[in-house]
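Have a look at these structures, which come just after this line.
Paired with chain B in one complex and with chain C in the other, chain A is shared by the two complexes that follow.
This part shows the complex of A and B:
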């Protein structure tokens, strides 16, 4: 693969029809259909429509102070979506992120209440997340059990352990300095937000430019072929699942700081929120296809929709209905686009 | 850079159809959004009168107990005329979601947030922040942590609930009650329930013939309560009575007694809504159902909130005039709703909640 295919590193599938595309037939429609960023463009259009509508009926909603205030609930999902995207790109899945958060939170709280300094408790939480992810990685990469089964098992197991060691009790009363990481802005944004932006930028560069990124897509496309080509598939998977666990450990710290409580029910259902955003962002659940721009658009669209409905209509039941409708729309559009491509 | 997707053999006509379907789905979604009535906090009343936006947050939305509280709250808001009521809460009772709602309402700058905290620890930072931003915060149905609310609208003191439950069971068993009794609770760590059980145990000393043999958790699950009651009936064949201190456990336990053919032999009482218990009261399994007036609880919460926002309720006041609900006592930071209601065969037909 040469440097001219920079964009195709994001879309390896784009190579499939090389040479036949534009020559196959004239017509603006066909050229339009072969545009590779349709999914992202559609998500962007939907997002703009939503924000325009929101701005016209509730101008207050778009104020920067309000948006930053509401963003509390975005960053947690966003942080976990990055490793989840890479795992899904390889054709895998990590269902245990929510339970890992819960275990990390409980370990953090117990370490702290047993007299450890705050920094040590934080390290313990992230290390717990890393260990959980590493365990998933071992089973997926070395024992070669399907990731769905492995992480379904650890989804139950990690939360079970968290409930066991905390005895189901909530632990509160952390120092104000710790709570501040979830309530105070640095340069106009939550620290969590900056962490996500930095991580997302780095991930984007790695996916587009580094061999690691290309290997990810290769594994997702055909793992056997990737392995025979000398790609260290097992090591990469071990790394990805560990990364996912570590991100969950870090996210747990922010979540605990926000509510000043660590309880075993923290992060319940988180895995579905994260996977929904990733898949909505155009990442194929079978692996090999998708990119970070789409995932960020997906995250923003779901989050803005949720927050706006809650802001405007104060109806918790409505949110799931509309998010569901949005997902169905996106799936149908994807299928329609794919059908359009083949019309050439 | 041509083909994003792997080609397959789908005809172009299919594509148009799918596009149409997708637009239809989108239109449907938007229609749902459009149809739902806007009750945004920022909209103001047409009459020009000063309106107070009051947000009522239940522990869990869409369960009968809170729905009936909300009905009372709506009626009170209508009577007062200067209240814009927003009733919303987490559908599955997630405390972090409740915290996010409090946070959102704080950003919107509403006047009062009335919280029934499903997890006081988790909600405390959000409630404190609201107070700091100048929003009035009160609790109702269950109290929050100290420093997170200005008032607590309390349906009944734990002592009154505990004593009433014990006295009612003893009365239902008959004169000179004697034998083993059991309690079915929500969870062994539930704060409200444990306070009530504490006072049940104190009152039990008045009835030397009765002996408390077991306290079982039902995890607020009707089916679990049903199974636990079956086990209790087998383990204690001469069991005389059961007190169910969770509104979900009560109907489950009553059903188990009925199916075991023990109606009338094993007495059961507890806390639940008349709607959930009507069948068991009418068929004789249950003699008395105890609950506070949920309509009045919702209404009193709204009246306290409105008085707080308009400055009618001042710190240090010992009583509160709740209009048609009468004069209510204020003890410390608690506004007390008053006596409990006992539903039995004679009066249960009149109450629907």
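This part shows the complex of A and C:
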């Protein structure tokens, strides 16, 4: 009963049917308890509370211009959260996204400074990310090492390589045309933002409506049964980890463009930010449960909290404490909701 | 040992259930169930899957709170607040899924949660744990090596540990949920001896089983549940097997055991030649024709499931050929096998057959999702129609297709596994233990279904350890022994002895208590 939460969340219409079944006696209350979007609604309420408060103490903070300017720090986390969410849905995890970013960034910079054209350097960065992810995927899907172990190892390894080949130096001096991708808006939004919106929309459709999405949930719940059903579990995992690496490669480009410097410490701690947002959004770390609306709410809430605190008090310690508190609240919330569901 | 048959036990029942009711959603799992358990009796609880046996057991075990009704222990009304409270009241449950901590050793498992301690509770009193464990197992007549991890022991030995744990809690009521489901006959005999011994000590035993012979061999009294209601409690002498089945099912069964139509094979659908995987099976050759049911008998561990998995592509064989629908099938590709029309309903439906937390509908469409997803988008309506059709065709009992598969009873879960594959209308259906843990009613329905499918021209390869089942359903019987095919018989005229002779390495022995022939409790799952 509890574990169907995420699945039902995909098809709230389907769930209504059984709410109005023969047991609808006590009626509204019961239907309220089986409402599949509680987690998302509560995150939305928290977000509204936060923004209302922010608007009252610092009206400037809510200005569109300010928000778009600040969103620089949202998009790369958001972009990486999509493949991470799918990986976590299958019961896996990718800890290496941050160091994949750093390696991609360094490869990009070195390719460019060695005289390659800009486009080739960009391709090299994305290809590096893809290769990193593919390597993770090989170990997870074929050699069958636990993803936590695999990506913990590559977390260290990729950054080590990045530091080695860049000799620990920052590399800068990219053409203004390249920097523009992080500093100019298209229709009021950063190009990275548009990329995320498109990718999120596509992911949402895949998760809710395509066999691939259904298979992700099946793998997360019971990989053996998925394999027995002819679902290509190994290929799908290989694809997901590759996708995650590729997204990290792309995110690295945007990050380099923003600061005009490629350095091996780029993307440091990224994996934790991404995983926090995904888990905060209600995706079960054990796989099988979660949906994209939750992840987007989680991303927004964490990001707005972080930005508001740094805007208002400029205190990094406070940010960490509050984000930690929010995460615990979210987990308690999930436990409470699940208890409510089982109790009916 | 003197057998005490209690026609109408005198005195106060150890446990009395009065009017126990429990419902989930709108479905009544139990409605007004009464049950008396007396000290020193073996009381069998019978009923089809879904009749409410599990709910009743869980109620006694304290993990479910009934909506209504009362539990009296020694005449005093008691409400269990949880499993601990039930244990404290002297009720022990031995579940099908056996030990809780496979990586720990026997004393750890026996005393988990109640370990004796020393030095102000800071340290485990290992010595006392070992001593008491040894004494317990000794008293059961089964001295075991104490320090081995329990997961590596045979199923029977694990059950001994479970019984020892129950006894260490001074339990006066022992609930056994299908304890023989995966025991060999020798182990079953040991278990029976132990159960009778417990009865002599005055323990009340509530014994749940689907096996008629066991029920009649062991019980003093038999209670029958049907659709959540207690049909009645009978002394063993007052009831016979056909009557009991009638009471469980509530209708006359279509003669399940009668030999069906003997279909003549019209052409080979599957031809396997010289299939070998070192250490698993060797030189397997077999054919299955359209409309033919080929039974595969043998002991557990003979390699039958591995052969099936290899044909289906889940295991890659070392050598040999699989020819399917007139063309060779590449090894190790489930996708290819499925695309060409092969289906495998695995024996372990909970882990390999279904995704239990997902809905009935999603499980039914799992293998045929592409067919309800034109242009790569799953159409809700098509999917629901597919699920509704399978639910109707196989008469799956479920309140809604949006319920999780977990909420269904064993027999209905098995129907889901079949439905999931029939949704693809396969040309060859491989069934691995299609009726294991399935009650008589659902069994008969599954038999009829298999016959109907074969009559419609489907090729069926059926692995089963249930000899009467193999004999009555198959057109031909293949017997495997230690990884090889040891013989082939036409089903017409074959007897259990014939099959056993080929299956057993040594002199054949027919067990009167069970229909299941097993030798080693080893696992078939790789």
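One rule holds for everything that comes next: the second predicted complex is superposed on the first by the 320 of 344 C-alpha atoms of A that agree within 3 Å, B and C clash if a C-alpha of one lies under 4 Å from a C-alpha of the other, contacts with A are read in each partner's own complex, and residues count from 1 in each chain.
Here is the rule we go by: contacts are C-beta pairs under 8 Å (C-beta built on N, C-alpha and C of every residue); 3 or more make two chains touch, one makes a residue touch a chain.
Quick caveat, the model's predicted, so the values are computed rather than measured.
In the superposition on chain A, A:191 makes contact with neither chain B nor chain C. In the superposed model, A:209 makes contact with chain C only, not with chain B.
Of the two partner chains placed by the overlay, only chain C lies in contact with A:218; chain B stays clear of it.
By the touch criterion stated above, A:229 is placed in contact with chain C alone, chain B being left untouched. With both structures placed on the common chain, the touch criterion links A:160 to neither chain B nor chain C. Residue by residue along chain A, chain B and chain C are tallied for touches, and B comes out ahead. With both structures placed on the common chain, the touch criterion links A:260 to chain B but leaves chain C unconnected.
The residues of chain A shared by its contacts with chain B and with chain C are 7-8, 11, 13-14, 17-18, 21-22. Taken together, the chain A residues at the contact with chain C in this complex read 1, 3-4, 7-8, 11, 13-15, 17-18, 21-23, 205, 209-211, 214-215, 217-218, 221-222, 224-232, 288. By the touch rule above, chain B contacts chain A in their complex via residues 1-12, 14-15, 18-19, 21-22, 25-26, 28-29, 32-33, 36-42, 55, 61-62, 86-91, 94-97, 99-101, 103-104, 107-108, 119, 121-126, 129, 189.
Residue ranges of chain C in contact with chain A, taken from their complex: 25-26, 314, 334-335, 337-338, 344, 346, 351-359, 361-362, 366-367, 369-370, 373, 376-378, 380, 399-400, 402-404, 406-407, 420. Across the complex, chain B is touched by residues 7-8, 11, 13-14, 16-18, 20-22, 34-39, 57-58, 60, 65-66, 69-70, 72-73, 168-170, 172, 179, 183, 255, 258-261, 263, 266, 268, 289, 307, 309-318, 320-322, 325-326, 328-329, 332-333, 335-344 of chain A.
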